[in-house]
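Got a structure for you, written out below as structure tokens; questions coming shortly.
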Amino acid sequence: MSNNLKEQVIRSSGVNVLKCMRCGKCSGTCPSYDEMEYHPHQFVYMVEKGDIETLMNSDSIYKCLTCFACVDRCPRSVEPAKVVEAVRLAAVRIQGNNHLIPDQIPEMLDEDLPQQAIVTAFRKYTK
Amino acid sequence: MNTFMYYPGCTLRTQAKDLDAYARSSAEALGISLEEPENWQCCGGAYTTAKDEIATKLSAVRTLNAAKEADKPLITVCSACHNVIKQTNYDISHDEEMSAKVNNYLQLDEPYNGEATVYHYLEMLRDVVGFDNLKKQVVNPFKGKKIAAYYGCLLLRPSKALAMDDPENPTIIEDFIKAIGGTPVIYAQRNECCGGYITMEDKAQASKRSAKVMDSAQEQGADMIITACPLCMYNLKKNSGSELPVYYFTELLAEALEVKEADNE
Amino acid sequence: MQVNDNKEFQPLIVAFCCNWCSYAGADLSGTNRLNYPTNVKIIRVPCSCRVNPIFILRAFQRGADGVILCGCHPGDCHYTSGNYFTRRRMTLLFSMLDFLGIERDRTRVEWVSAAEGAKFAATMNEFTEAVKKLGPNRRLEDLRCRKQ
Amino acid sequence: MQKIGVFVCHCGTNIAATVDVKAVAEALSHESGVVISQDYQYMCSEAGQNLIKDAIRENGLTGVVVCSCSPRMHENTFRKAAAAAGLNPYLVEIANIREQCSWIHKDIATATEKAIILGRAAIAKVQLNTPLTAGESPVAKRALVIGGGIAGIQTALDIAEAGFEVDIVEKEATIGGKMAQIDKTFPTLDCAACILTPKMVEASQNEKITIHSYSEVSAVKGFIGNFTATIKKKRRFVDETKCTGCGACTEVCPMQKVPNAFNLGLNNRGAVYIPFAQAVPKVATIDPNYCLKLRKGDVNEKVCGKCAEACTAGAINYHQQDEYIEQKYGAIVVATGYNPIKLDKFDEFAYNQCADVVTSLELERLMNAAGPNGGTLLRPSDKTHPHKIVFVQCVGSRCDDSKGKPYCSKICCMYTAKHAMLIREKYPDTEVYVFYIDVRTPGKNFDEFYRRAVEQYNVHYIKGMVGKVTPKSDGKIDVQASDLLSNEQLHIDADMVVLATAIEPDKTARPLATMLTTQMDTNDFFTEAHAKLRPVESATAGIFLSGACQGPKDIPETVAQASAAASKAIGLLVKDSITCNPCVAHSNELMCNGCSACEKVCPYGAITYQDKEFRTPYRTTVMRRVASVNPAVCQGCGACTVACPSGAMDLNGFSNSQIMAEVDAICK
């Protein structure tokens, strides 16, 4: 099972996790570090180990801002954000596992909230 | 007169009408004609990097294809649209499998493989109009104003696909500020994320991020901060708790060119 | 033609490699254990400019399915300018082969330095695949030369 | 009738594991002309060579084929063995069944089949081999050393010691190179200048050594033993023979706003300058880009001229021109060294934004007693004493190709430990943090040195990488980094940040390699002839490699390699003549029609024409113009053989018929 998941995450992200030299620069530069239980370098390492389910069940997948700081600054072009995205997709693609549902939206709205925020959140948190 | 395809995107039709209106009136003043593609769709707000996500890329490809068919470069203003459309264009021209799948879905008259050119409005100012030229047309310069440019993440990264400016030491908005007569303020957080869509998930995190950006700019003595992104605008204004004024760069441009009132009644 | 158990077509490929760059590059791909198919047989020449177009025609006449010529990168020739001659001569030869209707992909010139073991292996893999797709060379092979 | 012996090597299991060597020997024994076909475990061993020698003597072999490793490895070994047994060494051919067969294939059946075909090709070729005798060419008894850093100086001193003339060509105004800029050396912490400057003086005083400073090699022609180099002595606007190095000119120069290159731009110097107090040669140089007089374009105009007035020796010469010297050399040693990379791609560390973020080499100058602050460590921005310093390792090293250098720069772990230790020693109130990915300290007393930094000097080593450096308005620098062991993101309020910057070969190395026709790797380091066995020779005969031009090296390694390169050069220079490569072109005069096609493509000018008398079938004679090749000049590339329209030109050892025979054997 977890082997299949690993394959799926690797294929979907297009990332070669073996390129990682474990320097931790991704986590050193991550603006969401303190909010995450598992940090970008751990995503890369745990995917390599095949420990995907732990990541899927962690809130960390919803904390990534997709700001690509880790992607641009990684010395070895590993692109950790793409791994996080692939794991998140693996999670929200499970039936009934959407992280955001339309019913929640009205209470989040305020007069200035741009449509862009809603669209983006749906793209990130649901399937 | 230079004519471009112009993609406003969802938010410029609603919450960020100013960003759009000032962009249009300024373009006209600069002799640039903007043409909206017919029946454009929302780009989705965020680019999905996953290789097995094809449907989420289609609307951007439709827009790109419209530009290709019209044989005109495509201009975007909103940072998010820009990011999505440029990344889509980059991937479709570098990833054969993705291009095959996308074209298989769309069944266009002629397959789309990344032929269109995409400019951000700022790139258009830099590369088509030219900042020197812009400077000459400024009627109402921002003399003595210390303006902090906020790039955020979407304008610059991933730098391979966006290829707009040096991702760590960008100059395009600073050069723009100089062109409209202001004094650019360099501060460290200008290319760090404001929190973006996390405001929907975790307000506290968005506050923390945007406060950091605002503090960093204020520390360096900025009078105001400018952005190209409605979501950045929202976070910096609503979530940061800072009083530092935030404007769209197009508003300052329109003011400098003195076309602000005319088109924004 | 090579003997092969499964019936997939196995092309015969002759590679001319200059002694200073490409032959050393081929050695390096060996030292690094980078695989490429056994179809490729290398002939060592001092410089790519030693390769007379006749050698290439001869290989095709005798049943080779693809011929690749490897030399130092332009500007890096051990003999200063040999690979420039190669480039010009081969351009001429290839346009002649083109005129004769020989598929363009059967012949190739590649610059491989002594440090590019990985490039050598990748080039050979790719070239073998390309020739495989073309199938046997029938047009230039002289059947009288075929060993029964 | 040919009598050919075939010898198949197992190379332990290197060949035998994937190639059925017995089957190869068996199959090749049936080839025409083969009289003996054997296999053996290690053909290159003494016993293996004896096997070949005995076979030659007993069977009266006329040709030998060895199926073994690459000819680049052991062709010479087997040629020598053949010669010892009385067979002309050029009647030996190698079939490369290791690098180009057993090591790259996995399937025994197909690998064996390929090995047999390669063996057949070698047999087909050897049947057409002819005995060749190598000619001799004289050796010029003088060496050229390119680069005057510690590597070049050491090489030159060693060659001079052996009694040969040496010329050092250094592009800067002084020799000394990077070591002259370094403050202290690891792992002993002795002062770099104290051990380097005596060597610089020794080099300048040695009568066998000529130093061409502020000079470049602009052209090299020829071959081993017989190189001709053109050295461009750039005009320094000062007559070296008159200048006494008193420095009076540097004091009067009104243009004092020139970034001091020796201090990496950390302070300024005059337009006329002596790089540092112990410079060799101690001669002033005028920088024409800054000099008020020279900048004008017309030196006759009455501008400034203060330095000329101040010079009592009359050494200043505003009219000086570049000078070109041509010299013959037997050997050339490359010692072009390294530079730290540009940090433009690493602005997340704010190097270009913040004066207090410096490279390690800049820190060397900041700490050096002869540096901009007289040896007191002060922040470049406000000249205050830093209390918290963060070191970042691996900046630009071990990167993806698109980001930086793929290799480990090797010296950074040690010099960072050195810096940390020196700072803690001199300023115990300063806290020092080192962010590392791995600490790499192979070397004598190296790990002990690093442990001392931790245990004795209490330097904080943190496993993790810095992600973002943010200069703040209060002058502090926020360093955001990950601590991988405690799994947290840190923020350190630092006063200074030091980047252990990757090193790369000097920019002059690439064009030089082209000039010398030597090979470089993809990172522009010179490639050695053999990674293990010939580490200081380039693949081009007569060109040797010294120091960091071949790969990152620390000082002890550089000096060791410099001496090794010198000994190789001396080994060449002591010979009065060297054996030439007999695989040269020759023209069949009966077929030559004197068209000059060959002469035009020859890169060495080895082909000349002479008018010769030939007899015709009608009992008359005619004069014909025919090509002739000078075997001492020909390098055997074979360009002429293909250019010749009548097929008169051929190449020994790689003749048309030999290559064609190989083609036929492979295609059969």
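Letters A, B, C and D mark the chains in the order given here, with residues in each chain numbered from 1 onward.
The criterion applied here is as follows: a contact is a pair of C-beta atoms (placed from the backbone, for glycine too) under 8 Å apart; a residue touches a chain by one contact, two chains touch by 3 or more.
Fair warning: this is a prediction, and the values are worked out from it, not measured in the lab.
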| Looking at B-D and A-D, which pair shares more C-beta contacts? | A-D
| chain A and chain C, separation of their C-alpha mean positions in angstrom | 47
| query | So, what's the distance in Å between the C-alpha centres of chain C and chain B? | reply | 50
| field | Contacts with 2+ other chains: residues of chain D | value | 348, 402, 468
| query | chain C: which residues touch two or more other chains? | reply | none
| remark: Residues of chain B that touch two or more other chains sit at 168, 192
| What are all the chain pairs that meet the touch criterion? | A-B, A-D, B-D, C-D
| note | Counting only contacts in the complex, chain A reaches chain B at residues 11-14, 31-32, 35, 62-63, 65-69, 71-72, 79, 81-82, 85-86, 89, 99-100, 108, 110, 112-121, 123-125
| field | Residues of chain C defined as touching chain D within the complex | value | 2-3, 12, 14, 19-21, 23-24, 26-31, 33-36, 38, 41-47, 49-55, 58-59, 62-64, 75-82, 85, 89, 113-116, 121, 145, 147
| note | In their shared complex, chain D is touched by residues of chain B numbered 160, 166, 168-169, 186, 188-189, 192, 216, 219-221
| field | chain A - residues contacting chain D, complex | value | 19, 21-30, 33-34, 39, 41, 69, 73-77
| request: Spell out the part of chain D that touches chain C in their complex, as residue ranges. | output: 70-72, 96, 98-101, 103-107, 110-111, 113-114, 117-118, 121, 513-514, 517, 519-522, 527, 539-540, 583, 601, 603, 635-639, 641-643, 651, 654, 656, 659-660, 662-664, 666-668
